[in-house]
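Labels for the chains are A, B, C and D, by order of writing; each one numbers its residues from 1.
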Amino acid sequence: MSQKLTGAAVAEHNSKDSCWVIVHGKAYDVTEFLPEHPGGQKIILKYAGKDATEEFDPIHPPDTLDKYLDHSKHLGEVDMSTVEQEEKAFDPEEADRLERVKRMPPLAACYNLLDFESVARQVMKKTAWAYYSSGADDEITLRENHLAFHKIWFRPRVLVDVANIDMSTTMLGTPCSIPFYVTATALGKLGHPEGEVVLTRAAHQHQVVQMIPTLASCSFDEIVDARQGDQVQWLQLYVNKDREITRRIVAHAEARGCKGLFITVDAPQLGRREKDMRSKFSDAGSNVQTGDDSVDRSQGAARAISSFIDPALSWKDIPWFKSITKMPIVLKGVQCVEDVLRAVEAGVDGVVLSNHGGRQLETARSGIEILAEVMPALRERGWEKRLEVYVDGGVRRATDILKALCLGAKGVGIGRPFLYAMSAYGLDGVNRAMQLLKDEMEMNMRLIGAARIEELNPSLLDTRGLLGGHAGAIPSDTLGLHAYDPLEAPRFNEKAKL
Amino acid sequence: MSQKLTGAAVAEHNSKDSCWVIVHGKAYDVTEFLPEHPGGQKIILKYAGKDATEEFDPIHPPDTLDKYLDHSKHLGEVDMSTVEQEEKAFDPEEADRLERVKRMPPLAACYNLLDFESVARQVMKKTAWAYYSSGADDEITLRENHLAFHKIWFRPRVLVDVANIDMSTTMLGTPCSIPFYVTATALGKLGHPEGEVVLTRAAHQHQVVQMIPTLASCSFDEIVDARQGDQVQWLQLYVNKDREITRRIVAHAEARGCKGLFITVDAPQLGRREKDMRSKFSDAGSNVQTGDDSVDRSQGAARAISSFIDPALSWKDIPWFKSITKMPIVLKGVQCVEDVLRAVEAGVDGVVLSNHGGRQLETARSGIEILAEVMPALRERGWEKRLEVYVDGGVRRATDILKALCLGAKGVGIGRPFLYAMSAYGLDGVNRAMQLLKDEMEMNMRLIGAARIEELNPSLLDTRGLLGGHAGAIPSDTLGLHAYDPLEAPRFNEKAKL
Amino acid sequence: MSQKLTGAAVAEHNSKDSCWVIVHGKAYDVTEFLPEHPGGQKIILKYAGKDATEEFDPIHPPDTLDKYLDHSKHLGEVDMSTVEQEEKAFDPEEADRLERVKRMPPLAACYNLLDFESVARQVMKKTAWAYYSSGADDEITLRENHLAFHKIWFRPRVLVDVANIDMSTTMLGTPCSIPFYVTATALGKLGHPEGEVVLTRAAHQHQVVQMIPTLASCSFDEIVDARQGDQVQWLQLYVNKDREITRRIVAHAEARGCKGLFITVDAPQLGRREKDMRSKFSDAGSNVQTGDDSVDRSQGAARAISSFIDPALSWKDIPWFKSITKMPIVLKGVQCVEDVLRAVEAGVDGVVLSNHGGRQLETARSGIEILAEVMPALRERGWEKRLEVYVDGGVRRATDILKALCLGAKGVGIGRPFLYAMSAYGLDGVNRAMQLLKDEMEMNMRLIGAARIEELNPSLLDTRGLLGGHAGAIPSDTLGLHAYDPLEAPRFNEKAKL
Amino acid sequence: MSQKLTGAAVAEHNSKDSCWVIVHGKAYDVTEFLPEHPGGQKIILKYAGKDATEEFDPIHPPDTLDKYLDHSKHLGEVDMSTVEQEEKAFDPEEADRLERVKRMPPLAACYNLLDFESVARQVMKKTAWAYYSSGADDEITLRENHLAFHKIWFRPRVLVDVANIDMSTTMLGTPCSIPFYVTATALGKLGHPEGEVVLTRAAHQHQVVQMIPTLASCSFDEIVDARQGDQVQWLQLYVNKDREITRRIVAHAEARGCKGLFITVDAPQLGRREKDMRSKFSDAGSNVQTGDDSVDRSQGAARAISSFIDPALSWKDIPWFKSITKMPIVLKGVQCVEDVLRAVEAGVDGVVLSNHGGRQLETARSGIEILAEVMPALRERGWEKRLEVYVDGGVRRATDILKALCLGAKGVGIGRPFLYAMSAYGLDGVNRAMQLLKDEMEMNMRLIGAARIEELNPSLLDTRGLLGGHAGAIPSDTLGLHAYDPLEAPRFNEKAKL
């Protein structure tokens, strides 16, 4: 064991028949594991006999190899000085990106959450951006999520004393300084080397709850260890086919102090996200035409992590969850009023109305639209206090939060915007993003004439824009537009000729 | 007969008064046929005295000359070595196209049906693309067909056991692996040298039904001969003025094993498709200004094939069709609920709600919109089992198929997308297109919470977007837009000066 | 009188104090007329002492000077060889236009009415195009006129015998080959040197009615003289403050065989059309800043012709019109159901629902929208036979005509499209435009399943799109659009480096 | 006191610890004032030890230092010849602007109010344009304000005697030549060196009321002094926390002859306007990254003036206002029918339905939309005469004014358009803008068939477009649009090769 492996020794095992890879200075024999790799064999074989650390890191929590690869396959340390350094091919897009990173706008130039997204788009690695930003199919639901808020307009009240604004509330009993929480998003290290713990720190600073994702880049314990003071975290759960694994995860989370269990119910299969697939594809080499299409499983980061989810999960499982934990149980991804009513009857503590950030089913409705359908039905039955209703998807402005709360939501989840802020500016970015939301929130509560969260109510909104359902795009009148001669503004005089 | 004709001998007959053309190495005297040519005289005269094979092939089934030109006009073989090779004028657009063909994206880079269309647009011959892609007038209905699906959004159910997805169904009694069929489209050889038989092979591989078009480039028998195993085909029928011809076609199809007769009822006259006309026109030479406008009949491929259709076809003909065949009869192109009810009363077996791919009547409604009008009326009368209702037009995603089935369709027809896949990538392309639909279908059934076709129902949809009818485009506020100064994202610092 | 004036003699009178101009080789003293010129003094003063023929011609009928300038001011013939030829300043835009004229598409490349408009936009003189194409204010109504037809979709019937299509009808008792007429439009010579008589000839060839405009470039008698055979013309009338002038015009028209009197009621003042004003302005020299704004009356061709119209015209005048003519009386420009009902009570023979081609009141509704409001009210009262209802504005396709007729119109007026066809291609252009409409009409009647005009009815339409009134444009989500990374189609490989 | 300070002496006090600045040749010690400066310390520190006149002037009325800085801090005159002239860094954007100013279109080329805005955008200083033109958040409400008028269409009456148009009316008893007033807008000197008095002069010339802003660049007395003849002015009031200050302002205004008190109720906190913030930010130096984000208070001109406003202002304060003045009291910024009814009950004399020009709450509804909600409720109660209802926001055309009056408004306020006209062309510009509105008004009253203001009524409008609430933008079908091959107009022949 004292003898380190040489790079040359590892390099011999560079095929399907014998495949070794180096991660963090240690070699692993993954030959037998190849067919089981959720992300497909192809991506591993690309690194067969080589150092895969850089590719491995952002996608896998550090305890992955310990947990999932039999210890007999752990081959020991490698003398990294003997490993041949592969020279990377010059990538002009990546070179452009690095140049842009040098010219990044200062953090203070970001005035709203969309600004972080604009910057992140320019400075993030292409594959990371593709994974975070992509959505299902034509990304119509992805975009609808934010646009739906623009169908709801305010009916503000004036001459209300709004000298003192109190935007604090509680969620599942936890006091929060403002009614949003950091929702679970996967693979935080794609955007920032430290991953999800950055969000943990920001959540603490702003006194909001963080929901820990099952598919984090950091390990669950790392994220919990980053907790400070009386900070509260929840667990987002993908349910494994093997319920014993799930039971252990839940028990561990509860033992480590998590205060809520959010079971994802909108992802029996992880969605196809073509931008993500395209980015991965070109990464693997766009010129390789595979004869056998079915072998090609390199379908982007999204598909790489989907086999841990049980598509057979159903309402019948709810009592079991209630039996294994005392944490409040919330169903994340409910999408119509019928299922909310059923959730009440099932006795869960809450629902998140969500379409998974537009990443799963295309032309699924936005959470805010579902909320407008759900709350009147709950109120009609007098059930509005029997569970807490959350919404996520598309929240970018404090006005969005206010609209959800006026309709009856207890709070909203925000995911991507904080990832973008973190990817571009790290912890400072996330802190500023949260502070901007608080500034907007204070101002907008003043402007609608509500000093406290309790004063928010549906009469402050005009929601008629939601009633007509979804209009489709109108085919343009191409020839007519071509023939039309648009009006011009006054012409400035020509520049004098030199 | 042993003596072959020389090119020079043929070349003498190069005028309206005596017009010979060479097709596949044989000469034909078409002087008397000129005025009867459905595609107009002009295009034939362009090849008078010359070899017309390249132009002839994709538009005519191989048995055309045998069937339609009296054998006395068949002049025998030509010694092709004596035929002068015409040098083609350099066409910069065609040169660009050939260059693009060399740089085609690999098949694996196509992730959805629209991708094939984007590639085909770049690599198909201009006239072929124009014929396939064109629609009526301003192509508003053409585009509406797909966009209409975006007016329908999902109301998915969660916590349903969707471990095992079964997307199989039956159509007119035939088991299908997925509820779509390959609908009839004309002139397959414009896109691929082998024509419609490519679609036959793909349909077999994926166990879906192929509808054989009357206006195929391959002969009917070639397409039937390409059938494998227990594969099922239907016949799409344009009804000839001469009902005896029609009777023979139907009897032959039935004898050769076709299992359904789809009578086209939305094309008493083939539509004007201006993109197609324009492409044809420029092909014939845009500088020739004809004095007599009425002589110009070169109105694109669409009009070239329209004289075989009887505009007098009416409901009175239906009993006759029922008398000449035992195949189930389906009316293809029904467009309002009144006619569907009449179809039930006429005792046919099905209808296809369709506007002929947007190629006939402009601002005709999409099949999916008609479906939303039709099914409630059928259910109200308890007639929903008395005929099978199909929809075609604009289907590009499995979500589109699901929406049609939730509303009550038995299946959907898909045409152009497979033509595009075939034109760009041949059989591999069509196979991948079908596989992508299956992958999408499996995933989306999981995501809406339906494990079997039978579980699809209207409560899974929000169709309010269809209720308001068709909004028109809103004239832009030109001056206002000009005066408005759009918001900017944070500015990156300037590049340092060198 | 035998002595001709010299150019030099005329040139001396080149100021406000003494202003002579030459028109068609004769000199006129217009000094006293200057303040009365409807088009303002400025444009005359530009030609003071000079030859104004080129500017004068397209805007004034040839009998203008005889009619409106006292004969004492007619100074006699000028020896044109002595008149200094002014060299025109080089105008790069005009040079470009002349170059485009040389490269005009052949007439046969125009496949629809919008094509003529696209060509005319490129080849017409800038001021002529501005006068024809301009509309009120932001030109929203101008564009709405055509777009409104896209809110109405078809509900076609299939399996109707449409072998023989008869699209003939009658208007005010006159048989027409197709239900449109050539509506009145002013200043035909701006587009074509022969002016309105070109339209007279085309109307004859296609057996449609021509409405003669009060403000034609040709004189009324020239247009009547161009009539052939049993061709029918109507008179469009602007009512003069001096009713005796109006009485004489009407009597003359009736005497010369006009068969209908269309009184314009939507133009008590001629509209401001800013594109027209801007084009005129720059023509007069954009660098001249006038101190006194009120002096500047050069407000484009539209305003130049407006003082002949009596803004006091009212319902009280209708009996008088009925007393002075036996021609059927039609009110042109009625815009709401209340006024149509009043028109019935006033006993007129018809109304034209029109907003004057979008040239008068901005955000006035389209004729087709008003029609959808009017006809049910007439039918409710059983009044639909008591007057004929016409529509004009935005008709570009036979489908537009069909929609108007299905709703209940007797016919539609078409104006600008024929002006554009005439301006670009002369009589051949107008003939082709009319023939294209007939081709479209025949085909579309087949496709909706109506063989005769009488079979057109509201059940063939889906007009729900009109019910919701007018949506406004939706402000774009600028920052969000900026942050969004649109999906890409498959990438073609890079061109190989040389 | 006779001894002037030298530039060098002042320059020593260039830090937070001792901060002197020069304004109009006098030095001031602002060290202690720094933390209280509403615009933040940063902007003052930029000028510490220097001449700040140029920055100071447009933002502060001339009496500011006298009023707000203790006289002990007034250090006396500076010998300006000894003050070092700072050379300004070359700013390419500013250079471009100055070049554009030289090529400005002549005033006569402006045909409507939007034209002034287009010109102003090109010729105004960047920060001034940013302050005037900016709105809240995504500027959706900003743009909606004008676009909302396009949801209302006319139902004009014809054959009405409109020879004599009388557009005069009264507002709060004051006769006005046309039903608009110049509404209050802040910081007039940003656009024109003379500031608000320019508007005073134009208002006099056109006999319309001017509302004097609390936050004018000119002092209140300067603006009143500019009044001529029987010209009428109103006072717009931001209510100070210190009610005694407010009482004095109101008393002074009444004493100086103001005829109306407009209390702003929609701005308990001044809005965030990101364009304004961004423009200010870059002005202060975009490369300085501040460690402590909370210190950065340079949030644009808007925030700089907000601390004078009391967020505790409420309905309880209304009786007090009635007790301190005899001027009619109008609430400016009411935004829903509930508050209008409450205003009636509170006994005020009027309301302005307004969202503060889109500068405060994003997705607040437009004044015209609120008006359509308010007037029927007032009429239902017979309260429509109990207060005068005004509207502001987005008025650009006389048709906009007419729509508001038809719905029931007494008049409309217009702000930015006059600022733009003033900024680009000074008094001449404002006069022309007002005259254009009058010309449009006269014409449009003719065209809708109303000769007097009293004849305007809701039956002249089609307001159905307002009923459905606010539609959201529809996500584009990116891949579909990419695959679609738009129709082309006829192609012109290629230019001949040289």
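The definition used in the following text is that a contact is a pair of C-beta atoms (placed from the backbone, for glycine too) under 8 Å apart; a residue touches a chain by one contact, two chains touch by 3 or more.
In UniProt terms the chains read A, B, C, D = L-lactate dehydrogenase (cytochrome).
What you see is a predicted model, and the numbers here were worked out from it, not measured in a lab.
*Asks:* So if I superpose chain A on chain D by CA, what angle comes out, to the nearest 5°?
*Replies:* Rounded to the nearest 5 degrees, it is 90.
*Asks:* B-D versus B-C: which interface comes out with more C-beta contact pairs?
*Replies:* Output for the comparison: B-C.
*Asks:* Using CA atom averages as chain centres, what separation in Å is found between chain B and chain C?
*Replies:* That gives a centre separation of 41 Å.
*Asks:* If you average the CA atoms of chain B and of chain D, how far apart do the two points sit, in angstrom?
*Replies:* Whole-Å distance between the two chain centres: 58.
*Asks:* Can you list the residues of chain C that touch 2 or more other chains?
*Replies:* 105, 109, 111-112, 114-115, 118, 138-140, 143, 147, 150, 274, 278, 286-287, 467-468, 470-474, 476-480, 482-483, 487-491, 493, in rising order.
*Asks:* Tell me, which parts of chain B touch chain A in their complex?
*Replies:* It comes out as residues 105-109, 111-112, 138-140, 142-144, 147-163, 397, 399, 431-432, 435, 439-440, 442-444, 446-448, 459, 462-468, 470-473, 476, 478-479, 482-483, 489-495.
*Asks:* Which part of chain C faces chain D closely enough to touch in the complex?
*Replies:* Residues 99-100, 103-105, 109-111, 114-115, 118-119, 122, 137-138, 140, 265-266, 268-269, 271-272, 274, 277-278, 281, 286-290, 293, 296, 310-315, 317-318, 331, 333-336, 338-339, 360-365, 467-480, 486-489.
*Asks:* Enumerate the contact residues on chain A facing chain C in the complex.
*Replies:* The contact residues of chain A facing chain C are 112, 114-115, 117-118, 121, 129, 133, 138-139, 143, 146-147, 150, 274-275, 278, 282, 286-287, 396, 474, 477, 479-480, 482-485, 487-488, 490-491, 493.
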